[in-house]
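Just passing along the structure, written as C-alpha cells.
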Amino acid sequence: MHIRVGCEFSYEATWPTPTVLLVQPHPLGEHTIVREEWQLTSQIAMHAYHDIYGNLCQRLLLPQGDHMLRYDATIEVADTWDDVSPAAPQLPVEDLPDDVLLYTLPSRFCLSDVLSDTAWALFGTTEPGWARVQAICDWVHEHIRFQYGTSMSQTTAVDIYVQRVGVCRDLTHLAVTFCRALNIPTRYVFGYLPDIGVPISEAPMDFCAWMEVYLGDRWWTFDPRNNTPRVGRVLIGRGRDALDVAMVTSYGSPTLRQMIVWADEALAEQGKTITPMES
Amino acid sequence: MHIRVGCEFSYEATWPTPTVLLVQPHPLGEHTIVREEWQLTSQIAMHAYHDIYGNLCQRLLLPQGDHMLRYDATIEVADTWDDVSPAAPQLPVEDLPDDVLLYTLPSRFCLSDVLSDTAWALFGTTEPGWARVQAICDWVHEHIRFQYGTSMSQTTAVDIYVQRVGVCRDLTHLAVTFCRALNIPTRYVFGYLPDIGVPISEAPMDFCAWMEVYLGDRWWTFDPRNNTPRVGRVLIGRGRDALDVAMVTSYGSPTLRQMIVWADEALAEQGKTITPMES
Amino acid sequence: MHIRVGCEFSYEATWPTPTVLLVQPHPLGEHTIVREEWQLTSQIAMHAYHDIYGNLCQRLLLPQGDHMLRYDATIEVADTWDDVSPAAPQLPVEDLPDDVLLYTLPSRFCLSDVLSDTAWALFGTTEPGWARVQAICDWVHEHIRFQYGTSMSQTTAVDIYVQRVGVCRDLTHLAVTFCRALNIPTRYVFGYLPDIGVPISEAPMDFCAWMEVYLGDRWWTFDPRNNTPRVGRVLIGRGRDALDVAMVTSYGSPTLRQMIVWADEALAEQGKTITPMES
Amino acid sequence: MHIRVGCEFSYEATWPTPTVLLVQPHPLGEHTIVREEWQLTSQIAMHAYHDIYGNLCQRLLLPQGDHMLRYDATIEVADTWDDVSPAAPQLPVEDLPDDVLLYTLPSRFCLSDVLSDTAWALFGTTEPGWARVQAICDWVHEHIRFQYGTSMSQTTAVDIYVQRVGVCRDLTHLAVTFCRALNIPTRYVFGYLPDIGVPISEAPMDFCAWMEVYLGDRWWTFDPRNNTPRVGRVLIGRGRDALDVAMVTSYGSPTLRQMIVWADEALAEQGKTITPMES
C-alpha cells in the first residue's frame, strides 16, 4: 500500500534562523520509502542527524526573507490496521527492559508525578495491561473535547485534565501521563495519518499525535484522539512528549505564513491547508 | 444548648507584629453569646471592627517576645441539626438577590473559572438545586482524601482537584468552586464544631471549614468534609474563601508555638492541642 | 471640564443571558454626571444596584439574538492632573483604618502571597511611602512590555511577572500585587481615560485600568501603564482586582461582536473600535 | 588525589519495590575508580545498565521490610580546580554539534520556554559566551537564597524564580533554564563534592547539583550554588534536569529512614547524616 505524504511551510524570517525539521519517516518505522524529495525556494544547505531517540532530523539555517520548504514522499506501508492484542500483559516494573524505563518518568508536558493520585483513582481498579490502557484512551477520548485553538505551546497534561478540551497533541499528552503514572512505559509519537476508512466529515487532519505503549515484549499503538484502529500510519518521530518531536524547532521567531500537510492513499495528491496551531 | 468554645495561641514575635484575629462568633450568627472572655499574657490593646463581610475582627499589635492569647466563651445554640431541605430550588441567576451575586465569582483559592468545564462535566446532568449541591459534596467527600499536612497556605481548589487530597479548608474550597462554576452562590464559612453525636475516632477537630449555599430564599449549610448533618455549629466568619476568614492574619512572621481550639457541649472544658496547619 | 464617555456593545446570544454591566461613573467618584443615557436595541429591563465596593452595576437579562447596548454620558470633572504628593507617608499597618485592611490581602489575580519575597527583594530598600510606590510603578512600566493579545482572562500577576508582557489590566495587577506584598493597601480601579495631552500615537485606548494606593490619610491615583499624571479620568469601578470590576459579567457565553468605548474632551464624539481583549 | 565517596540509605518497604540507584561515578567522568564496594543488608540482586545519557544505573527489587544499601568507593581525580576560561566563545546555534542541541530545549523542571523573555531581559545585554553564563550564575547565587526545606519534588525553575529561595537542585535548575532560554546548551549534573578548601561553616553537603555548559568545543563546569571553583568533584550523573538523574527512583513509596552521603579527601571517612530533602 502506497501513501503519499509531505508538508510545505511558508516562512518569513527577519534574519537567518537556525531551524530543525522533523518531517521525514522514522528510519526504524515499519515502512519503506519509495521516493522522497525536498524542495526549497532558495539554495539552503541541509544537514541530517539522528537525535537521542533515533528520529531523523534536518538542520538548516533558514535564510532571511520569505521562504518555502517542501517535503514530498511516497511511502510503502503494510495494508493492515493497528494491531489489537487484548491479551498483551503489563509487565511488573522489575521485568521491563532497561531502555524502556525512561518512558515511565514525567516529562515537560506529561506531568505524571502531579497526576499520580488522579490516575490511580480513575484507573486503579481496571485490569492491568491492555484493558487498563484502553480504559485510559476511552476516558480521554470521551472526556476531553477536541477543539482547535484551545491550547497553547506551553499547555501541559494537567491543564488539559482541568480544562477538558484540547487538540490531538493534548489528548495524547494526557493519556501518556496517565499511563506513566501507572508505571506503564509510554512514548509520544507523531506521524502522517491518512483518512482511510474514515467518514470525510470526521477527518480534517493529515498528521496526528498518538502514543506507543509497552506491553508484553513490544510497543503497541494507541490513539486516544481517534480511539479506533487505523491503517496507513507513517511514523515520523518518537519521544517523551511533543517537545521532543516538534515538526519545526526554530531558534528565533520566523513568522509561519502557511503550513500544508498531506497524507493520502496511492498517488493522489490532495493538500490541505491548516493553521500552525492545528496539530 | 450551651457550647463552650475558644482558642489559645502561643506566639513568639521578634518584633511588634500587627495582627488580626477572627475567633469570636459572628454577630449575625444564629446563636447567643452567654459569656465571653479574652485573656492575654500582657496588656495588649485590642480594637474590634467588622470587615466587609460583617465578621467581627480584633486588631492588635502583638508585642515582641513570647505571648499567649486566649479567647473563651459559652454560646447558646439551638438544639437542632443542620437543616435539610431537598426541595429548596436553585434560582436562575436573574432571580438571585443583588448581594449574593458576589458569591458566584471566582476568588483567590476558588478558581471556578478554571474548573468551569470540569464542574459542568461532573455535575451538569444532576438535578439543579439541592440535589446538585449534595452531589458536589458527595463527590468531594468521596474523591478527596482527608489528610493533614498535604496542602499549604497557597494551595488552590485546582491543586486539590488534581492531587485528590487535602484538609477541611481544601475540601470546602473545591466544593465552593464547583458550586460557583455552576452559578450557585456559595460562601466559605468557618467556625467551631463540637463532636456531638460523632464517634470519637472520627472527631479530632473542634473547628472546621464548611460552606453556605444560596437556594430558594436563604443560605443553607453544607459540609463536604463531614458530609452529614451536625449539631452545635458556632459560626465565626464568612467570606469568599479561606483568605477572607483567616483565624489569624499576621503582618510579619511571628512563630506560632502552639494553637489549641475547643468546642464542647455544655460547660465541660476539654482542650485539644493541634498544630497550626491542621485546619 | 466636560468629558463625553460611553460604550457600545454588540452581542449575539443563543439564549437569554443574565448579565451585569459596570460602565457608569462611580457614585462616589470626583465627578458630576451632566447627562447620561442608555440605549438598547430592544426593550430590556435593567436593574441598578451597588456591589460590595459601592460600584454602580446594572443587571439585565440579555435577550436571545443580536443586540446592542449603548451607554453615553457627559461628565464634569475637575480640570486638574492626578495629584502628586511625594511627602505622603506610608502608615504602619497598625495605624491603617479598618476598612482599608482588605486591600492588603491577596486576591484572584493579585497573588501578593506568592510574590512576597520578590517584592521585598526588588523594592525592600526603597524609601517607604510615595517613593516606594513610584519605584514599583517605574519597574512595572519599564520591565513589562505592553502588547495586546498577550494575556488571557485567567492570567495572574505571577504570570505577568514571568512573561514580562501584558495589557493595562496586567500591568496594574502586578503593581497592585507588589504594593500589597509590601503591606501598602492598594485597590484596582477602572475607568474612562481621555487622551488629553497625550501624543496621538501613544493613545489608542479610551478606557484603562489603574490603581489607588492608601498613603497618609487618603487614596492616591497611580497608573503603572501610563506612569505619568493625566487629566480627565472618570472612575467607573473599584475592587480587589479585575474580577471585581469587569465591564461585563455574563452568566453564559454570548458572542461579543464589537465593543466601542469613548472618552473625549467636551462634546466631541469620537468612537474608537476595539476588540474585546484589548483592555 | 584520592577522594572517598559513598552513600548509605536505610529504607522500610511495605512490599517489594522496584528501584533504580544512580550513585556510582559516571563511566565517562574524568576520574578513575580505585576501589568500590556495595553492601546490602540482605541478598539483593542488582543489575547495571547505562541510561540514555550514559549514566551508570543499578536496578534492584528492594525487598519488603527494613533494609540498608551502602555504596563506598575510592576515586582518583586530578588535583586541579574547575577550569576557568573566560575566552571560551558561545557558538551560534547553527555551529553547535548535533548531539548538544537536546540541551537547548526545555525539560520537566527547566521551563526555558516560560522564562524566555525574563532571561533575555536579565542577561540579553551581557557579552555572549563565558561572561553571560557567569552573569547568570552570579544572579542566581545572589538572588536565590539557599535554604533547606523550601522546595518540593515538583518545584520548577519558574517557582524558584518567583519564590527566590531553594536548595542546590533548584538554583541549578534556574541557571540551566536561563542558559537554555539564551540558546546555550546546558546539562544538569550531579555528583559528590568534597569540602576541600571551603570553610567548615559553609560546607554542610557532600553531594551537590551543578551544571555543564557548552562553550567553544567542550563542556565546562559551572556551579551556581557555590559559584566558585572547586576541587575534587566526582561526577555521578548528567541529564536534562534532576528528574533524569535522581539518586533514587522508586516505583512505590518505601519510607526513607536515613540517608548518609560522604565525600572526603584521601581515606578519611567522615559520614554526614542528612535528611532526604536536603539535596
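We call the chains A, B, C and D, going by the order they appear; numbering starts again at 1 in every chain.
In this section, contacts are C-beta pairs under 8 Å (C-beta built on N, C-alpha and C of every residue); 3 or more make two chains touch, one makes a residue touch a chain.
Note that the coordinates shown come from a computational prediction; the quantities given were computed from them, not determined experimentally.
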Review point. Moving only between chains that touch, what is the shortest number of steps from chain B to chain C?
Key: 1
Check your understanding: Taking each chain's centre as the mean of its Cα atoms, which chain lies farthest from chain D?
Key -> C
Practice item. Could you please state the distance in Å, as a whole number, between where the Cα atoms of chain A are centred and where those of chain B are centred? Key: 47
Check your understanding: What is the distance in Å between the mean C-alpha positions of chain B and chain D?
Key -> 44
Practice item. Determine the centre-to-centre distance between chain A and chain D, using the mean Cα coordinates as centres, and give it in whole Å. Key: 31
Check your understanding: Which residue numbers or ranges of chain A touch two or more of the other chains?
Key -> 114
Check your understanding: Of all possible chain pairs, which ones touch?
Key -> A-B, A-D, B-C, C-D
Check your understanding: Hey, which residues of chain D end up touching chain A in the complex?
Key -> 16, 18, 20, 47, 49, 51-52, 57, 59, 61, 92-94, 98-99, 101-102, 104-108, 111, 113-114, 153-154, 183, 243-244, 249, 251
Study note, to complete from the structure: Given the complex, residues on chain C that touch chain D span 114-115, 117-118, 121, 143, 145, 158, 161-165
